[in-house]
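Per-chain residue numbering starts at 1, and chain names A, B, C and D are given in the order in which the chains are listed.
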């Protein structure tokens, strides 16, 4: 097994009386695609929000490459090499595709407090942006305004923008949600390709897709982890079947 | 940030017209144009915040007035002071105030940001309103304009209205180019990202607080430049310059001209000042007409005069023109 | 400052606080429920004062004047809501600032055209015109106590409305979320019309109540506008409880600022606001939603 | 350097920066005698002081109409701008009246801050002639004085300086002064306090309320606590009504007599009602002055503009027109002869509703100051405190 890249210890997010994430301890290994599944309201997105620094944990810690990152803000975590996509498409709607990726690529400069340098002359930033646009399959849409593209393309773009930040670890929050079959297939292929040189934590409702791409699976219910293992192990797990598959219409969101 | 080709030509034409205006315009209108240009710089500085960083500041007049006060305070009654140190000093004072106010304000968003900038500006306003040593509510005079001399040679005699006119025109053009350059820089890219989607900007690795803060400071300093010029122009400064009404009017001017265009607010200043000047001649109830106009703008012209201009230039939907604009820009990058 | 003087000043501060609460309550409703920054709130306050002056002159009875004046203001504000404000619900704060700023200009000029530029006053109604001896030298006018009672009743009334009624449910649900309210099967446009006119009527009502102690003059709404914004923001936008606490804080800060820090008196209020927002950016009782 | 020498008087005025004025030397002196004389007016027509602006304008026009509607044989045209009480806009508004409207005379303002801006601009240009019909800032006929600046109202010092002895003579030995914290308020308060202390009394506290706040309750409690023999106050307009009412409602009026400069009660007798009764103030005008001009003025004014509408502000506007009539009569309407007009105006004797008055070297009225009291809603003269009181014109170098 590859070494651990990210781990959580008793990670908890409490909102009033409700624990959206309840003492979750998990390990994620390098070069693996680790999917997290569970019914709506299981706390999956909250879990991702904790990892990416959008939310501060109530208790518990997160370690990334051995370093405690549980109190770091979102921008600092991004700079450590953790990229994320959001459940609701989260891009710069008024920007063109290339501009979206340029902003992503530029974030890897030590800082952007350059006031009189021409941004267009940062050739390596531009190249990296174009490369990531190519990776997500939008090379021919460089100058399209993001808001005017189809929903599927916007999701692709979000992944492209994330790739421009050169992350090692990707946090993907339901990248297939709301997509048609063809679009979904394209994104699955993209994920397959990314798997080659990235660690991925994936939240997804589309079980067929998950079983195809995932190396490991974790099942969350009511903020708690009820099982973790390989795809085969999880499929065989009785408890999972009862708690989850019984009342979940697979592939539906 | 690049201007489209027709806009560039129009701007060049506008600068040329402004450059010859003192030779053809009556003195009164030359004065009026000076006022418009100064107001234009002020509005442009606010556009950097509202139109490009997405920060609706309701206290921008504080920085405008503060720099003016600094100039009036350091100028003795008997002679003018050198521009070479008084201008940087005034701008720095506004910048410092913006740094302090921004440090607290930029943490908040939405209505709270509007209100906290208002609160701080009111503090500055009341400080000068009650500062008896600086004229209290009646304000102060500037008896002599700043001097621009090296050794004993007078480089520019700002007391000459025509010289001052060109000095203001130069400041306006320089400010426009400077801010445009700023927006084309890596920094500019980030603040525009913040306006478009702040949480996303943070999530891809930018400490947005610092970028908003620095943008707030730069805008404050540019407003300071405008305030410095205004006091040099009118020879007076009073707390009224810092009042919330003035902050409201400059917001109106920015929207009137067109948000996020840089040159739009200058056009807004032009329209506003000329309107005010003309309406006043017809009725002492001109504020009523102004009020109706303001409401019409809010309802029907959210993209301001430049939005209208865009539509005329391209004869098509604004969305499409935007599309093209960005297209041009990216080919150049 | 000995204890008696201190207590008298506390009374002054609290009494001023009640007046501020009267004005701010409408503002915080409109602010919180509709997400509208209504700069014209002060102008409604002024209109209320003028209307009660006018009706009091015609009817000769202060309470009748209020009873008739409030519906007039409700009608006026409904017209304004329909023909201007209602176009702004989906727009950003900027347009709201502009539009309501334009309203100030129009309402101020309208006041000049209707009532002219003279100062007027509204007599304190007979049954409330007495005084209570407070200290050896100072009396306290019963009418000021009446203002406090009205403020207290209003606070209680609003509390009940918000806790017990359907409108209150929408308020508590955080009505800035249009979709959610519509899902509940409520005609949001109607709710907004009601809320806006209630807000405007509250502003006018407080102008009416304040008229006998403050006199009636052009531009009287400008001063009250900014301070009621301060109250609302300190308390947390949309929170009636916050507006109440905020009004009391500002009332006391103003009073003691005048006495203890005469040179900084007018800055005290804004320093307090800035301080509170730095400490709690959403105000004392504000919801932590980004807008 | 350009020097405009005014041959008829000892005054002359230097302009710093020759060319500053070069572009502005108006060409209107050449205008043929038949064109109307243009009066540029900068007064408030909106906001708290709109009533003052209207009173002044009405009375000014009324006086011109009384004289046949002509100035030096020429008809009159008015160009009025609402000052909005905005000091920042003062400069542009004045420039507009001078450069765009080519006004031959400027009438205004009400606000001291605006007056200072106007005086500075107009004094520096050397023309046209400005008549200040209200703003009392000492500086207008003090540090900022100029040959072409006249005032038909008062200096703040004049309105308050006789209050000290008056209060002392009434047996008061300690006072508290209270006023808005702005130019006019501070100047009046100082004059009142200094004259009281000179007479032998003691001012125990000066209270300055931020302008234009009308929250007085805390101050009233302070006054009740300190128990001075009397209170000397400056407020005006809506603020004055509020102060008078609060003062009465706090039960202080019966225990601690209230004094003030005339503006505390002028024009607000009716709205203030019983709260103004018995309050004594000092001013250069009283409505019940027995002279014929006053009776005629009040009758005419109230016939045109409504009963009870005449006030000191109207008187000041009326006198501004009287002054201009005399100046223009001396040159038969030739506005180009500014030197002669100034000379005629400077030596004019104004037959004013306040009684006859003349002008000091700095062009401020040399006038009587009266002690007045409100009785049954009307101003009543108690006595004449000073005859021909002249402002010291501190700092006037012209």
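Things worth noting here:
Definition applied: contacts are C-beta pairs under 8 Å (C-beta built on N, C-alpha and C of every residue); 3 or more make two chains touch, one makes a residue touch a chain.
None of the values given here were measured: they were computed from a predicted structure.
Among the chains, the centre nearest to the mean of all shown protein C-alpha atoms is found for B. Remark: chain A and chain D have CA centroids separated by 74 Å (rounded to whole angstrom).
For the pair chain A and chain B, the distance between C-alpha centroids works out to 42 Å. Averaging C-alpha coordinates per chain places the centre of chain B 33 Å away from that of chain C. For the pair chain B and chain D, the distance between C-alpha centroids works out to 37 Å. Touching of two or more other chains is recorded for residues 126, 129-130, 285, 287 of chain B. Looking at chain D, residues 45-46, 210 sit in touch with two or more other chains.
Pairwise, the chains that touch each other are A-B, B-C, B-D, C-D. On chain B, the positions that touch chain D within their shared complex are 26-28, 31, 35, 126, 129-130, 132, 135-139, 141, 143-144, 157, 159-162, 234-236, 238-241, 246, 277, 280-281, 284-287. The residues of chain D lying in touch with chain C in their complex are 45-48, 50-51, 53-54, 207-210, 212-215, 217-222, 224-225, 227, 237-238, 241-242, 245-246, 249-252, 255-256, 267-268, 270-273. By the touch criterion stated above, chain B contacts chain C in their complex at residues 50, 56, 58, 104, 107-112, 114-116, 118-120, 122-123, 126-127, 129-130, 244, 248, 251-252, 255, 259, 285, 287-288, 290-295, 297-299, 302. Only residues 31, 35, 37, 39, 84, 87-88, 91-99, 101-106, 108-110, 112-113, 226, 229-230, 233, 237, 263-267, 270-271, 273-274, 277-278, 281-283, 286, 290-291 of chain C touch chain B when the two sit together in their complex. Chain D contributes residues 16-17, 19-20, 23-24, 45-46, 79-82, 84, 86-88, 90-92, 95-96, 99-101, 112-113, 116-117, 120-121, 137, 181-183, 186, 210-211 to its touches with chain B in the complex.
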